[in-house]
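Order of writing sets the labels: A, B, C and D. Residues in every chain begin at 1.
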Amino acid sequence: MADLRIKIGPLELRNPVILASGTCGYGSELEDFIDISELGGIIVKGTTLEQREGNPYPRMAETASGMLNAVGLQNKGIDHFEKNIYPHLAEYKTHVIVNINGNTIEDYVELSRRINSFSAIPAIELNISCPNVKQGGMVFGTNPASAREVISAVRRVYDKTLIVKLSPNVTDITEFARISQEEGAEAVSLVNTFLGMAVDISNMRPKLSTITGGLSGSAIKPVALRMVWQAARAVTIPVIGLGGIMNAEDALEFIMAGATAVQVGTASFINPRAGTEIVAGIEKFLIEKEIDSVSTITGIINRK
Amino acid sequence: MKKRIEDLTVIDNSKLAEGFFVIKVSSSEDLTGIKPGQFVQALVKESPSTFLRRPLSVHDINPSENTLLLLVQIAGPGTERLSRLIPGEKLNLIYPLGNSFTLPVQGERVLLAGGGCGMAPLLYLARKISESGVQPHFALGFRNRSRILTHDEFSALGPVYLSTEDGSQGYRGFVTDIPEFSNEHWDRVYCCGPEPMMKAVAALCRKRDIFCEVSLENLMACGLGICLCCVVPTTSGNLCSCTDGPVFNINDLKWQTSG
Amino acid sequence: MADLRIKIGPLELRNPVILASGTCGYGSELEDFIDISELGGIIVKGTTLEQREGNPYPRMAETASGMLNAVGLQNKGIDHFEKNIYPHLAEYKTHVIVNINGNTIEDYVELSRRINSFSAIPAIELNISCPNVKQGGMVFGTNPASAREVISAVRRVYDKTLIVKLSPNVTDITEFARISQEEGAEAVSLVNTFLGMAVDISNMRPKLSTITGGLSGSAIKPVALRMVWQAARAVTIPVIGLGGIMNAEDALEFIMAGATAVQVGTASFINPRAGTEIVAGIEKFLIEKEIDSVSTITGIINRK
Amino acid sequence: MKKRIEDLTVIDNSKLAEGFFVIKVSSSEDLTGIKPGQFVQALVKESPSTFLRRPLSVHDINPSENTLLLLVQIAGPGTERLSRLIPGEKLNLIYPLGNSFTLPVQGERVLLAGGGCGMAPLLYLARKISESGVQPHFALGFRNRSRILTHDEFSALGPVYLSTEDGSQGYRGFVTDIPEFSNEHWDRVYCCGPEPMMKAVAALCRKRDIFCEVSLENLMACGLGICLCCVVPTTSGNLCSCTDGPVFNINDLKWQTSG
C-alpha cells in the first residue's frame, strides 16, 4: 500500500483526487456509481448569494476531445443550499468544499462569511475564473488588481482553508498564483475553463446562446499542465491541478509537474466512476514503481 | 431503479430503413425496472470526434431475453459508429436515466404520436400501456414512403395511422393531419419526434385540452443532472431535461406561444 | 461558381486558403500531392537572419486531438534562403509569404529590409509568437509595448504587405490586434501555438527536450476561433484565422466568425492535400447555399 | 518515385506472435518503385487518441500480387487499432517516404541485424539484396522464444542466426553476441531494432571498421520533411530522419560516444 495522503493548508486529504466544481453536482448525483467518501474531496457546484437561472439554452457544444459549456452558474443560492443541500453534504466522510461566485466583492465577502459558519465545510474555492457570467467571475481572475482585492477581502472574513481557482485566460498564470499566496490563500487550483466558441455552419450562428463558453476536457490538458507546472514553481503553497484529467495517467502527469492534488472535471460525465478509478490508478502506479508515498513524485520532473 | 454503468453485449444490429438501425444489446443485470420514456447514455468508442456519450431512448425491453433495443438514426459520427456495431461487441451504457411517461388509467383512449427516431421511446411505452390493459393507438409521420420505419411491433399492439409528407403512403401531410387525430376522442396523447412535430401536436392538444406529454431531445453532456446543459425553461424555472425530463407535460413547458 | 477572391491589404488572393508557416516547408515538400498554385498563398517556414539548429530532440509529442512541437525555428538563415530557396519559390503562381523571426528588434528590421528587396515575395508575416525560442518570439507577442516597438520598426523598413502573427498566450488578444493595426500592419494572423507541455509518466520526465512546446491541431480550435472572433470585431484590417483547421467546415467556422482568410497548419501533416481540399470544400458550400462570394459570409455570425 | 496518398485495401492481417501482426494491403498503383528502407505513414481511423499518422517500415513488397506488407508491433492505441484491421477495410497510406539502404555490390558478404519490429525493413532489403545476386545473412535477436517472429521468409533468402536474451532458443544474449557476427568477415552490416541494439551493433562495426547502416525510428509528425520534429544530430548538423533518413550510415551519426 502506498501513502496517498496530502495536505492543503491545515486540511489533510486521504488522497489527492478531488471532484471539480460544476462537474459533480452536490455529490448525490454520483452516489449510484461511487462512494464519495473514497475521494480526497468534492467541490460542489458554483454557488452564489442569490438564486440564478443561468444562461439560455443551448449551453453546450462538443468539440474535438472537449466540450464548451455556457451554464452561467445556475444555482438556487446560498439560502437554499443551507436549508436543503448542506444537511446531506454534512454526512459525507470526505472534505466538501464550496465553490463560491459573485458579481461584486461584497457578494464574495458575504457568501464567504455565511459559509464560514458551516461547520461541515472546511474550505471554499474562490472562483474568480468563470467565463460564463457577464459580471464578476473571470473579470476578477484576469485582472491582477481585482484578483488581489477580492482574495484579500474574502481572506479577512474567512478563516478556514481558502483555495483560489485561477483562470487560464491570462498571459502569465504565475502572477495570479503569486497574488493568491501573498493574500493568504492556502492553495490555488487551476485551471478553470478556456474561453472558446463554436459556430454552426449550417445556420451560420454560434452554437452557444452566449456565443462564447468555457472549454474543458482532454483538449486543454497540455496547456493546463504547463500552467500548473509554472504555478507550482512560482509559489510555495500547494497547487491543485486540473484540466482534461480523464484517467490516472493524466492525473500523474499533473502530480509529476508539481500538483499536490488534482481535480477531475468533465471526465465524470463520460465515466461517473472516473474519480475513484483515478485514486485506484494512482495507487497502482505507486505500488508498481515501489514508491511509498504520492508526495515523493510531486513535482518530480523538476528534480530529475 | 439505481443507475448503473455497464458493458452490454451487442446481440443484433439491423438496418430498418436508410439511415436507421435497431441495436439489440443484452445485459447481465435485470432490465425490467426500466420505465418507458427513460434513456441511456451510450459510450461511442473509436470515434475520434465523439468525446461525450450519446443519449438514446430505450426503444424496447424484452424481459424474457433480458435485452434492450435502441432505435438509432445516423445523425453524425457518434450514431454512425453505433450503426456499425457488430454482434459480440460491447456497448457501454449508463442507464436508466430520466423520468418516464405517465401511464393512462383503465378505459382511457390514448394516442402515441411520433416520427423518425422520435418513434424510439413509443414502442416500449406502448408495450407498458398495453400491459396495463389500455389499447394504444399510433399516429406516425414520415417524410416519405422510403423513410417509414417498420411498424410491425407497433401494429401488434394497436391500430397505426400513418402519414407521409408527400402522400406516398398513408395520409398526406404531418401527423397532425391524420384525421383520426383530430376527429376521434383522446384522453392522452404522448409524443416524441422532431421539435416542429412536437410543437404542432402540443398546439392541437392544448386547443382540445388533451393531456399531452412530450419527450424532449435537448443536447446533453452528462445525462445525470450535473452539468445543467440540457435545461428547458418551464413554468417552474429552468429544469434539466435529463432528470426532470426528458418527458414533460406540455402545460409545464414555455412553448405555449406557438399554440 | 462562387467568387472566392479576398484581399489582404493590396494583395488579392484567389481564395482565402493559405498554408501556415512551419507546416508546409517551402511548398516543394507538398508538390507531389497538390498544385501549390491552387492555393490563396503559402507562408514558408519561420526564417531568421542567421542559421539555427533549433532545439534538441525530442521536439514532438502527440496530445488529444493535437500535437506539441518544440522545433525552435530551425532554418538555414536568410542568405541560404535567398540563394537556394527563393529562386524556386519565385516560380509559384500564388503568393509566397515569408514568416520572419528574430531575437532582437534589429534582427527583425534587418530581415524585413532584406526581404523587402525580393520581388517575388509580396508580404511578410511577422512572427512575434513563437513559443519555442528563448529570446524574441513570444516575448514580443505577449508584451504590448514590445509588440508595438517591433511592429513599428519593421513597418518603417518594409513597404509591402505586413501581416502580424499573434500569440494566443495572452489575456486580451484584441489589444495586440489593435496595436498591429495602429502600427500600420495590413493584417493580423492568429493564432500561433498555445504554450503547453506533456509528461512521460514512465520515466517521470517532460516529453519535450524544452519541457514546454507549442500546441496545435483540432484541440485548439475552439479557443482560436474565439480569439479570431474577438480580433475581427476589434479591428478593421483583415484577420487571418487559424488554429486547428482540418477541413472546410472548420475553415467556414473561422470565416463566419470574422476571418477574411484562413491558414491550414497541422492538418497538412495528416492530409497533405488538406489545403486544396479546403478550397474545394468552401466553394462547394457556397454553391450549395447559393452564396455568390465568400466575402458574403465573412463575419456573418455578427450580423444574424 | 513520387509520393502518393492512397487508400489501400487490407487483404490479410495475421498474428505473428503475441503483439505482432503482419498486415497485407493491395494497391491499385504500381508498388515496385519502392526502395528497401522506405516507410509509409499510416492513417489510423477511429482511434480517439491517434491524431497523427503512424510511421511504419515497408516490410515486403510482392510485385506479382502488387501487395505491400507491414510488420506491426502493438505499442499503443494506433498500432492496436491497426492490429484489428480486417480484410476489405481501407488503410490510407502516404508512401513511399524516406531514403533507402545502400545495396551491396557483387561478392560482398552482408549481414542484416535486427530484432522485434526492427526486423520490419530487413525482409524487403534482403529480397532486394538477394535479387542483386548477393546472399544476405541474418542476425536476429529476441527477448525470448515466445517473442520470436516467424522467419521462414528470412531463411528462404539466407542463413539465419538467432539469439534470445534468455537463451530459450538460439544463442543466449543479444544479436551482437551471435558468434557469426564477430567471427566471420562482413563487408556490410544493416541494422534496425531498438536503439540499444543499434548502438551495440554500430559500436561493433565501428571497431571492426565495417560499413554499417542503421534505420532510425525517431518520433515523426509529418514524415515529409516539413515539421522538423524527427531530427537527428549528424556530422552535417540536424537532419530529418524522415527525408535524409530513416537510414543513416553510422559514421554520419553523432552516436560515436558509445562506440
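Here, a contact is a pair of C-beta atoms (placed from the backbone, for glycine too) under 8 Å apart; a residue touches a chain by one contact, two chains touch by 3 or more.
As the structure is a computational prediction, the values presented were derived from the model and not from experiment.
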Chains contacting each of subunit A and subunit D, listed by label: B, C
Between subunit B and subunit C, centroid-to-centroid distance (C-alpha), Å: 47
Whole-Å gap between the CA centroids of subunit C and subunit D: 36
Centroid distance [mean C-alpha coordinates] between subunit C and subunit A, Å: 34
Distance from subunit D to subunit B - Cα centre to Cα centre, in angstrom: 54
Residues of subunit A whose C-beta touches two or more other chains: 63-66, 217-218
Numbers and ranges of subunit D residues touching at least 2 other chains: 48, 50-51
Chain contact graph, described as a line, ring, star, complete graph or other shape: ring
Each pair of chains that touches, named by its two labels: A-B, A-C, B-D, C-D
Residues of subunit C defined as touching subunit D within the complex: 22-25, 29-30, 32-33, 53-54, 56-67, 69, 71, 74, 217-218, 266, 268-273
Subunit B residues within the subunit A interface of the complex: 2-5, 43, 48-53, 94, 218-233, 237-238
Subunit D-touching residues of subunit B, taken from the complex the two chains share: 45-48, 50-51, 81
Contact set on subunit C toward subunit A in their complex: 63-66, 68, 142, 169-172, 194-199, 201, 204-206, 211-212, 215, 217-223, 225-226, 229, 244, 249, 252-253, 256-257, 285, 297, 300-301, 304
